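Okay, so chain A shows up in both of these, paired with chain B first and chain C after.
Let's look at the complex of A and B:
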């Protein structure tokens, strides 16, 4: 038998549940239910128009046999491997610079935030203009200074990296905020003690700053990996996956499968597999990196 | 709830129910994608609602880019517009999955005279003996050209008998070369022409996705069959020598003659239309549906000319739209009344007066042409001449997926990474399992 609660505690508990109800309802209706439905749909063939037909594991078998599916996995891994370290390190560097009192601090911070709060499709379309191989701003500048045009989005070897650069730039602001918050949690006394002990700025960074913000670094890494695996808007708006299949990342292919090719069962199977891939990657980071994280701030 | 409030509630509910039952107005949702036609169809639908006071029609505009996604997700949610525009390229996917209402029994019941329509337009909407649409309009392809750019280059305007061939491009390519300039003002025929510094192109819009207004017409003009052996055929015929030759020519326009930009330049950032109106292209192939958009051109004068004659004559895609009815609409009768009105003579006459699309009823074409009296383009009637010859338009239940592959591989070819032979081989390899 559960312990009896005092009337006061009971009221508090009810209030507490009431407070989380909107969020919980939102999660149940807009997240949990679709997730369960997607897991079930992954075992069916569904064209969105007729009723789903149960096909067991056929969707998974078909996908694993499909060259374009493997290609989209590769493109996505490439995206993650380039995007995550570059973006996080760049953000950390900028956050450290912005953490000092410099001139126009607020203006500079705002400039980094603006792309993050802008609509990804608008950002993507703007960049297609900048990148346009024939009439774009970048190539215009290159030819003005006497260089050859670069096929930013036109060449399969360039297109993905061009998209990644925009992605890094767009979400830099978010990661900067995360790191700034972490940096400002470091007690001043610790820094001052290090200075008194005669530590060089470099030593201070590696021996004081880095260990003290390691929980924030770890959080950012996980969030970044999960987010990058799900990259969709920019490739969708900038290249539609082309040229050829050069930028057809996982989620873009998933979207096309479901809504363009009317194969919602296969699209659901892809979603389930992505869920598993992200789960494994995150678990890996928790085991390998998570242990080295220092949660003791004092 | 107290007894009193229950009674009150029931009374209120009764009033509400009887109130709505008295009006008995059916609301139909009508979805379409072309803003240029909104005014014309609003006028037609207003007239329809006047004559049918029991029906309220709500027009929903969804841009072309979202339109098909909205329809398919709407079907999944069983929440679809009752009447909507159909397009030949997407029709096959929907009809084969039972999403559309067969109109044949209704056409027979109401004795609709279908002989007033172009027969080939009606054929688009028939599948396995059923009929899923009448005909809303038709369109063909011709070239829009910027007269000012021709004048500046000192090139005479193209005449209706201009021609091309896949070997050396013929007159067509000669004209385009004189309209393509690098940043030093040298045209593509100049010995020092720098193809890396082109600022103005003779021709625009060669993307692999541009089948309807682009490469397919040239395949037909070279004697090729097209993409599939027959509508709903299961054989890819792009490997015919006549087709490969044309696709290579299409690639040559970009990579050898340098008279057209690679597809990326017109897909990523700026539609071909934007670049034409920005005077970066002298000539662009355009469907007749773009005539309305052409009215907003400012700053230069323009006209239309028929497509250049190929080795086997002159061919153009001859497509048309129709209104379709959602198979599971709860308002079948009302939707059919709306469709009957929209495809009927009176409505097509109202729409034709706005001059946005050619009416599907032959006798109304002059009404449409009258809308262009005294304004650009002068030569608008050329679109009716382009309707004379057309080839086999590809239709297939997996068309969305097949076409995605075709356009990707053709873009790789147009970007100059593979030749036509390889591109077609790549397409064949990937589509074979979709064609069965």
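Let's look at the complex of A and C:
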């Protein structure tokens, strides 16, 4: 940068800085600085009222010893492990079904993303009503076909899976759109050649479609894992973490630690750990799965 | 003989698709149906069509449950943030794509680097900033942290503008146009599809967002719909019909916008799902 700039280049540079100023200010004040502050706060004990006290790694040590923290990690992993494969596979299946020149293609695609644009809190309340033990639609149907009622959100054994079902339902359309875009990148001739060779639909799926869509599938799974680790809105609106701790997922517990118990230090440590967990998972994905992905396309 | 058979197959195909869609969207139909029923019907009738639609549920929600106020706050907050993001991201996107200045690539790299960091990491420090500014329970507290734009939006606009050929700018420069004129007269019109994509993605995510408004508002006066509605769960006796009316008012605006701007939603999803 020591090189002297021509007046024209100088004007361009000044314009460049001016154009990014509002954006950069917002980025520095509400993104970059908070990231650094969060890392520092994680080393303190702070209740927002008294001055923060430096405690070193005590927050991390305490969290790792705390049963409810373990539980929230377990609940979140369960959430991810059920939600991600079921949601992505279901979406891929529907995308394959829709991937042909059909009428109403736009209408159908749009209808599938209606739940995705709907407010999670609103959707959560709707399902709370459908899941209602006494008067809910689901139990009414169960009763009519002669089955026992199920305490969907009211029982610890059922609550988490009931919330996961809603999560799968709400974001399914997002993944369908991603896969449809991926499928449309597969050249027609490849599929046709496979048909001419007499491949059955099943072989065609495993030998042609799946390898060709693997980069998209791979990215979708990563986006899905990262998103699901951060689940908050649905459990907050549907159960608030209960019954007991049945649905107390990671971010819900973090929120409660910070804003209900006012333990800002520990909550910050949780946030930093979430970042580390997500980072490790993503890196693991790239090393283990990423190698087998076919990058010829895209 | 072949043709009628194919027709039957095709009809079956559409029947299957629309059957799947009907089941898939049934929870939302049930929500709409409950919102128009009397409490008596809510507990007894299990038909999808209410006997006589009870529109009063909506006025009750608006008046007695403060939903009117929540709705107004949501419109203001989501609308202003969207406007701010479109302006700020189009400016920064233009600079990152087209202008040369020292540190440009480093700053952009920082933007990309923070995109993967979970939003909860910045939550507590941002809250402390708003607290120190005395902006708890205020419109500024809800809007300011997001109004300047974000990495995703800047990235989206930059990617789009990089595809715009240089001759357009050069022609304008020869005519003596300054950078501001190039931005407002050439870049903004060129970037319209990308800006529309950014606008709908921002609008929907802000309209629906819960965590931030939850921590920076306490008084009903400043609550947005997501926060106001979430509190419904805690009521001892729930009026399901009124609650569903409130829920419909929270979801319907975004569904209408989805149908008006389908194309941009699809593009936004493809960008966030494929271009990482």
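The rule is simple: the second predicted complex is superposed on the first by the 258 of 298 C-alpha atoms of A that agree within 3 Å, B and C clash if a C-alpha of one lies under 4 Å from a C-alpha of the other, contacts with A are read in each partner's own complex, and residues count from 1 in each chain.
One rule holds for everything that comes next: contacts are C-beta pairs under 8 Å (C-beta built on N, C-alpha and C of every residue); 3 or more make two chains touch, one makes a residue touch a chain.
Treat the numbers as computed from the prediction; the structure is a model and nothing was measured.
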item	value
Which superposed partner A:48 touches (first chain B, second chain C, both, neither)	both
Partner chain(s) touched by A:64 [first = chain B, second = chain C, both, neither]	neither
First (chain B), second (chain C), both or neither touched by A:128	both
Partner chain in contact with A:238 - chain B first, chain C second, else both or neither	both
Contacts of A:280 with chain B and chain C, given as first, second, both or neither	neither
Touched partner set for A:93, first chain B, second chain C, both or neither	neither
Partner chain(s) touched by A:264 [first = chain B, second = chain C, both, neither]	both
First (chain B), second (chain C), both or neither touched by A:15	second
Touch count on chain A, higher of chain B and chain C	C
On chain A, the residue positions that both chain B and chain C contact, one per complex	48, 125, 128-130, 132, 135, 238, 240, 259, 264
Interfacial residue positions of chain B with respect to chain A in the complex	68-69, 72-73, 75-76, 93-94, 97-99, 183, 196-198, 201, 261-262, 264-265, 267-270, 275, 280, 398, 400-401, 404, 408-409, 411-412, 415, 417
Of all residues in chain C, those that touch chain A in their complex	13-14, 17, 20-21, 24-25, 27-28, 30-31, 34, 42-43, 46, 87-89, 91-92, 94-96, 99-102, 104, 107, 110-111, 114, 116-129, 131, 145-151, 154, 178-180, 183, 204, 207-208, 210-211, 214-215, 225-226, 229-230, 232-233, 240, 243-244, 247, 250-251, 254-255, 257-259, 262, 265-266, 269-270, 272-274, 276
Partner chain C, residues of chain A touching it in the complex	1, 9, 11-17, 19-20, 22-27, 29-35, 37-38, 41, 48, 94, 97-98, 102-104, 106, 108-115, 117-123, 125-130, 132, 135, 137, 140, 169, 172, 174-175, 177-178, 181-182, 216, 219-220, 222-223, 226, 229-230, 232-233, 236-238, 240, 251, 254-255, 258-259, 264, 267-268, 270-272, 274-275, 278-279, 282, 298
Touch list for chain A against partner chain B, complex	47-50, 125, 128-136, 143, 148-149, 151, 153-156, 238-245, 256, 259-262, 264
